[in-house]
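The two complexes that follow have chain A in common; it is paired with chain B in the first and with chain C in the second.
Take a look at the complex of A and B:
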């Protein structure tokens, strides 16, 4: 009987109820959408901040002057797979081109693309063997352009002289010291210099919070011997401060928007219920107890809140997904706790918004209400 | 008569009208706050990103990074190139002077520490320098502002500390130097006794260097008024196709494109203007900082734009919803009006004017409340005042009036269709 009263009252007064349902759904959409975005911002923005390049470098410690060749692989075991954006090992050595001494760097080109996304390449990244990427300064010095050839000479680790031909695949501009290097793949570098040495430095770009990074640093220095991990403070500290500001911004915006939206929802619900003072008066005149009237309206409100909340969860996630795809081109992760949270909040607000006008109406003498005063 | 009716309706139903005005005020304040924050967020985040340090380095023409690599001694005086300290103020006179946040000169020399054989680099710089500009203004600039991530034990130097230095953590660790120790520095035979005022951990190459005030380093190396490098931190607009083309070759631009490029705060055009202002200099964008700033700035702005749109749509729907609800509620009154012979036009006019008067009251108070919200956000997040953009006023005004009309017109039309007898009968 109770349930029939509620549902039939909702269905009979269709147009008003759609208005109320819409109000609740909008509130719930904004709630679930913004909270989803708020939770995902650090992760998504953290990824963007990786465009600043490596935030952890590994250098040899103690008496060693080089790192082992397997160091990159061993470091990976301490970093969660999704967090490791790129891990690029570098070997450095001097070569001569046209009798000019220059620095050559052997590295894993695919990893460099990920650790240093800010490199501006004229031409292309090296793809085949015997292709090299040269810094702007080197290009100016020995007048090379993409596609041209040069011969690198020098002596390898064993003291034997070598001579190798390379094709310039591209020229790199960074505004920093990288412009004075010639970059090539590790295999080309080993072929030239021999493999007796080891890795000079490893650059890691890790998408993680400051504390997680500190954790990784202590784990690496405990578990891998002769390696000193160093955080690139300029990147890590600045990232921390900017990211926390951004999160505070979204947090405050979320709070303000939610607060205002919820009040909006409440006033709409109040308007819809206030309209029904007459009905309340009639019920009272027919002998309904205050309690049962309140229960009935509360039931309606809760039903509306639950429907609107469910609708809002779905719409809010769709909105958050659209934002994430547009801004970050990455899908957003769904926060499952938002389903109960959105439902509870929307039910609570609609319930509360119903109660106030119903209370006002039930407190008044039915005769006065029915007379319309 | 019409006026009296409107006034009567407004005052008789004070409570209800107040509620509508309140909701409209909430919606309008939400729109105002979000629009103001969104329009200003670019500038604010740009300021925050300055913590990443310089995005432009200025070097003498012909000087090259390559020198460092071969260890060609700068003291040998063969190919040394310098900029003039007296021209530093010119950086603040370029077209985009207001976008230059900070700049710091450096003078690097190789020195020997405590008469050992291995060399360290001694860097002279401004720490916090008060500078009178050629334009008559003055400004405080220097390294303390630009290296926010440095972790200093002891104290930062000031530019007046003639007998003090700051030592990088790696140099200090290798040579067992503590804060308060005195060290001997030897440059080309000249020695000087200096006290360590601070030891810093910069987490970068600087940890291998020793810093002293610029004037001390200039006197020490007999290079008065000369500097070897300037780092500039500037607020820039993210790069686009035009600026990339300009960076490659300025001559490829047409006159109009050149003007657009020159008058936009691209990092490449600021570099170009610095080169014009400082003789024989080459200004380069530090891509690591410049590029990433652009990316993060764009993402943040887009994010805020989308959140703003969501909240605008939300508040629009909320307002029009409430207006619909409150107009529909008045079916009985409208029925009565019709029964005593009111025309449709007169009724619609009456209801509309009532709602619009309420909307104006709500909208205006909402606008000012929204400014308050925007300032709260600005204060607590960025510690700075959010600029109030006048263009928000028409946007909010149009939004509020459209939304109230959209909320009331359909419901009024619905009510006009009702037959007075039925309505009055209560069906």
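Take a look at the complex of A and C:
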């Protein structure tokens, strides 16, 4: 009967209850949305910061002058899959185009897209064999534009001369040394230079905290011989402090929203209770103990809180998703712990917000019922 | 046997003397009408008898125990166990069906019992409207639901404040018939009314004026 009474009250007094439900749901939405963003900021912003280049570089050390071809694969085993934004191995060598000596770089083009997303490309990234991406300086020097052809000549690792034709897929501008290079796939590079050497440098872009990075560095030094991992420190550190400031901001906003929600829900419940003074008087006239009345209002409040919270989880995720898409242009990851957390918080807040008006409710004089107020 | 005894009851609201020095006894099984002009203190008296209000002076003795000094919680319990209330404005809970309204009274009293509640509605001729909300019932039907609710816990005293005040003649007749049946079954009923026709059916009429009893008439034939 208790349950029947409170559900009837909620369902049959729909229009009133929807207002209260909305108050709870909006609060829960903003709350869960902000918390989702709060937790996703490091990930989102971390990736954003990665746009400014690699933060870990592997170079050969000891007796070796090059790294093994498998070094990229081996390094990956020490980095959590989600944290590895990109791992790009590079081979460098000199070639001649129109008798001009130039630097050629063989690399994994797909990984470079991820380690160096800030590269500004006119034309396209190389996709097929025998396509090359040339730096702006190279383009200026030998007057090439996207779609042009050129012939690369030189001598390979075994001392034999070679000559290969390439198509320019695009021109890259970075404002840095990259503009003096000709980039091509590792297989094209190997086809020219042979595969007797190895990888010269590996650039890694990793989305992880400073401690996690330090951890990766020590793992690599310990486990892969003749490799020196070097952190590109500056970016990583400033990244950390900006992140924590941003998180603090969102945290503050969350707390303020939480307080506002509480006030909003409390006033709504207050209005609901005041509106129902006559009903409370009647129930008391029928012999309802104060406890029963408190339980009924609390039950309604808690049900409202639960439904509002549930609605809030769903809407909050949509809200966070929208914000994330607009601000970071990336989908957000759903924090599953938010379902119970939002539910508990919104139930607790509505419960708390109900208590004050419900305590007043028990002061209602049953005599008002006969008076027909 | 006296079920209820008012001893020198007075009730003041600030300067307003709503009731002054009322002495009245109601016997077990008696059917009593209270009449009087508006503002004479009828509702005030019902509230005091119904344990919803306390007198400023004097004592109320219900079944031999003085209840005028009880606290609110005990008054609630007494009201729940011994009193059935019928209101001029019906006062049904708007979001509960007729049946649920009756069951709510059972719930506050002890345990809801759907079968018994349906039987109560049957007695007032509303079994087929049990699943309707108050807004879907006519005034007369709502009043009958209110009566079914008042009777569901077998109160020893039924208090009705202008039960027919908002009803047309036909519905008034139906309600009066229910009261007559209750009286025949031995219930004690106190009814406040403006309507001489209602008063005629009762055994005794108490007339209030300016908070005092001005006249008591005995209807000899009853």
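Convention: the second predicted complex is superposed on the first by the 301 of 373 C-alpha atoms of A that agree within 3 Å, B and C clash if a C-alpha of one lies under 4 Å from a C-alpha of the other, contacts with A are read in each partner's own complex, and residues count from 1 in each chain.
What we mean here is this: a residue touches a chain if its C-beta (ideal position, glycine included) is under 8 Å from a C-beta of that chain, and two chains touch if they have at least 3 such contacts.
Computed from a prediction, not measured in an experiment: that's the story for all the values here.
Judged by the touch definition given at the top, the superposed model places A:366 against chain C, while chain B stays out of reach. Of the two partner chains placed by the overlay, only chain C lies in contact with A:5; chain B stays clear of it. After overlaying the two complexes on the shared chain, residue contacts for A:275 are found with chain B alone; chain C is out of touch. Of the two partner chains placed by superposition, only chain C is touched by A:292; chain B is not. In the superposition on chain A, contact is made by A:327 with chain B only, not with chain C.
Applying the stated contact rule after C-alpha superposition, one finds that A:118 touches chain B and leaves chain C untouched. In the superposition on chain A, A:318 contacts neither chain B nor chain C. By the document's definition of touching, of the two partners only chain B reaches A:15; chain C does not.
Number of chain A residues touched is higher for B, counting chain B against chain C. Residue contacts after overlaying the shared chain place A:284 against chain C, while chain B stays out of touching range.
Shared contact residues on chain A (touching chain B in one structure, chain C in the other): 278.
Across the complex, chain C is touched by residues 1-2, 4-5, 8-9, 11-13, 278-279, 282-290, 292, 365-367, 369-372 of chain A. On the side of chain C, the complex with chain A involves touching residues 43, 46-47, 50, 52-53, 73, 76-77, 79-81, 85, 87-89, 91, 93-97, 100, 103-109, 112, 133, 149, 161.
Of all the residues in chain A, the ones that touch chain B in their complex are 15-16, 19-20, 22-23, 26-27, 29-30, 33-34, 37, 41, 45, 48-49, 51-53, 101-103, 116-120, 122, 137, 141, 173-177, 179-180, 230-238, 241-242, 245-246, 248-250, 252-253, 256-257, 260-261, 263-265, 267-268, 270-272, 274-275, 278, 319, 322-323, 326-328. By the touch criterion stated above, chain B contacts chain A in their complex at residues 16, 19, 22-23, 26-27, 29-30, 33-34, 37, 41, 45, 48-49, 51-53, 57, 64-66, 68-70, 148-151, 201-204, 248, 284-292, 295-296, 299-300, 302-304, 306-307, 310-311, 314-315, 317-319, 321-322, 324-326, 328-329, 373, 376-377, 380-382, 414, 426.
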